[in-house]
């Protein structure tokens, strides 16, 4: 196989894995306390949220990748489609979650970690219930979540399209391998943030992002090498066709 | 019929099924307190709050729905590959999937309540038996819709059978993998939106309305119903009024706008005739998606501003 | 018929003997898993037992890492195992199927390259997760746990693929398992076998013997479902292999499910038909 394609697979696995990790760091995830309006963020674990959104993106990306029938797909456009798909999933989820906080429980979305919203400059502290860690998705968390969904979906779709279109895996194989690499990175990132984070304005983000990206780099490099080895030996099986 | 009309018609079927699927998904998770609010049901006996809730900690909702939907999809795929009609194969597969889900739901109630021995939490057998059928039926509704969505979109479904278009309108993934993808997604949405109505409002209904639940309240859940002692079945009737439909709306809107922007992009790229341009098709889809993203940010801006103005700063101690 | 009797003996033996200790279970899992993986001509029933043992091993690994609290829920580490398992398992299947390495058709050890590689990846990610310099989770034995989980995941993918398709050779597995999406079922069912037991039995009075019963029970469920899938597969699998698996699965599932339910009801504080709740004040 063409060495350029092998390098491309490795690079896209590494970039995709690191983007998955960055996406998890950007999402506002409150975990279990957010379901009781005790913490700011989406009321679920980051792994499920990131995987759910990235899979929505992957669904669209796989349809878009099949637009190119007889030639190589445009990596950028397919990955962007995946990113936008994941972004919409996160966006709608957070908007309806906010609707539930506002109209179902009568709670103002507010950040618990910063006193002033860095984007809209709205003050936060006096709207917060004492002895909670914030509740709902304030605007800065919302924008951070949109960005996180976009980045994560882009990463997942990038791994998929390279495997499907350049390494000539079948769509199902490429999808399942991309899911494997993506999930491993998302979980390590979730351990890095310790379960909850509010977004890029959270002090935790600055503190932990370098470590998280380094861990994602290492793990996805190793996983990428395994995939490259599989791609490399596949033509010697004498099966013809695609992996 | 024009092929493009058929594509849009099937897409509308998918969207309607998505609304129903996620509605029942959320109600099913409330039926036995799955996912995040379950941490409170788990904590309650440790705080001395002996309760009659059903403790359904199978795993996160995403994974448990991925399990039920993937099994349903696999069974349906096997039956379809044997030439059985989808009208039978899909409900049968979903039945097997929700049977497995029900069996999985029996494990955590027994296991977690037995692990609460030192807090003197008994196992109420009427709670145990009484919730199994509601769990299975709600789950069946969600799983049958998801399996049908995956069937319509899969390469063996009706979208793939539409001819006369420049590219195939179906998704290239096989049926079980599509079930897996939609199962994880529906669970992730159900746990991140619907749980709020259950966890914040219903579990702490005896606490002041309009404030976040403080850490000191945790575990001190509301154990009494309108009449007598509350079981998890009472939760569903409450959450069916707002939490469940809102959750269904989320998944429906996601599927609606995902499919709509892809289809509009495909039409702009020349799906129905003329020269097919994949770059234009995907580009238009991405542009529409980005516009929707901006609209979402603006609507959240207005929602938060409205709530701040209407509700005002926190009052009380 | 002799094989079916063997399947009946195996669970009964475990009933009376209790589960082996954590270290012994790891050794047992890796030895049985590796043996079953490198001998693809074994009948499906033996592979089924191998899959049950591997899933049991994975569940024990989840238990020993997750009981210190992961920060984001127990299921995540089981999914991590299967995420690594997919990458390692598919790599192992492809490498093992290279004709030069394919052995003489009796012992085919090259598939273990993928398992070992993913074990190394797991160990490195364990170091990253546990070390003070990096993520700093400070969980004793996390490095070893993640390595074992990666290996268990990869072995589960390989053994279950070969259970369904009759062999793990890529020329059979890729069209019959991966391209039609059965791999998603393998992913989620073996993942559940590893992550559900501890998640569902969590609590102050959790007991290892009771938790691991669930894992074997899910192993039985896997055998039933994969047996049905296997009976529809073309040769070298087929209806005979599928029926073996279904019989094994039904026996294991009934035995372990009923013993789990009985153990829970016996060990609970009280089992009452119905009743009011204890009021505090």
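Note that the chains are named A, B and C in the order they appear, and that numbering of residues resets to 1 at the start of each chain.
Rule of thumb we're sticking to: a residue touches a chain if its C-beta (ideal position, glycine included) is under 8 Å from a C-beta of that chain, and two chains touch if they have at least 3 such contacts.
Note that the coordinates shown come from a computational prediction; the quantities given were computed from them, not determined experimentally.
Colleague: Once you've mapped the touching chain pairs, tell me: line, ring, star, complete or other?
Modeller: Shape of the chain contacts: complete, all pairs touching.
Colleague: What chain is the most remote from chain B, judged by the mean position of CA atoms in each chain?
Modeller: Farthest by centroid: C.
Colleague: Taking each chain's centre as the mean of its CA atoms, how far is chain A from chain B in angstrom?
Modeller: Measuring from centre to centre gives 19 Å for this pair.
Colleague: Cα centroid separation between chain B and chain C, in whole Å?
Modeller: The separation of the two C-alpha centroids amounts to 27 Å.
Colleague: Any chance you could list the residues of chain A touching two or more other chains?
Modeller: Where chain A meets two or more other chains at a single residue, that happens at 31-32, 45, 47, 172, 176.
Colleague: If a residue has to touch 2 or more other chains to count, which residues of chain B qualify?
Modeller: Counting only residues that touch two or more other chains, chain B contributes 60, 63, 173-174, 177-178.
Colleague: Could you list the positions in chain C whose residues touch two or more of the other chains?
Modeller: Correct list: 73, 79, 179-181, 183-184, 187.
Colleague: Mind pulling up the chain A residues that touch chain C in the complex?
Modeller: It comes out as residues 31-32, 45-47, 170, 172-173, 176-177, 179-184, 187-188, 190-192, 194-195, 211-212, 214-215, 218-219, 222-223, 226-227, 229-230, 233-234, 236-239, 243.
Colleague: For chain B, which residues count as touching chain C in their complex?
Modeller: Residue list for chain B touching chain C: 42, 46, 48-52, 57-60, 63, 66-67, 70-71, 73-75, 77-78, 81-82, 100, 103-104, 106-108, 110-126, 173-180, 223, 229.
Colleague: Quick check: in the complex, which residue numbers of chain B touch chain A?
Modeller: For chain B paired with chain A, touching residues are 35-37, 39-40, 60-63, 167-168, 171-174, 177-178, 181-182, 184-185, 187-189, 191-201, 203-204, 209-218, 242-243, 246-247, 249-250, 253-254, 257-258, 261-262, 266, 269, 278-279, 281-283, 285-286, 289-290, 292-293, 296-297, 299-301, 303-304, 306-308, 311, 313-314, 317.
Colleague: Could you please specify the touching residues of chain C with respect to chain A in the complex?
Modeller: Going through chain C, the ones touching chain A are 70-73, 76-77, 79-80, 82-88, 90-91, 94-95, 97-100, 114, 117-118, 120-121, 124-125, 128-129, 134-135, 137, 170-171, 174, 178-181, 183-184, 187.
Colleague: Across the complex, what residues on chain C touch chain B?
Modeller: Answer in residue numbers: 73-75, 79, 179-185, 187-189, 191-192, 195-196, 199-207, 210-211, 214, 217, 221, 225, 228-229, 232, 257, 260-261, 263-265, 267-278, 280.
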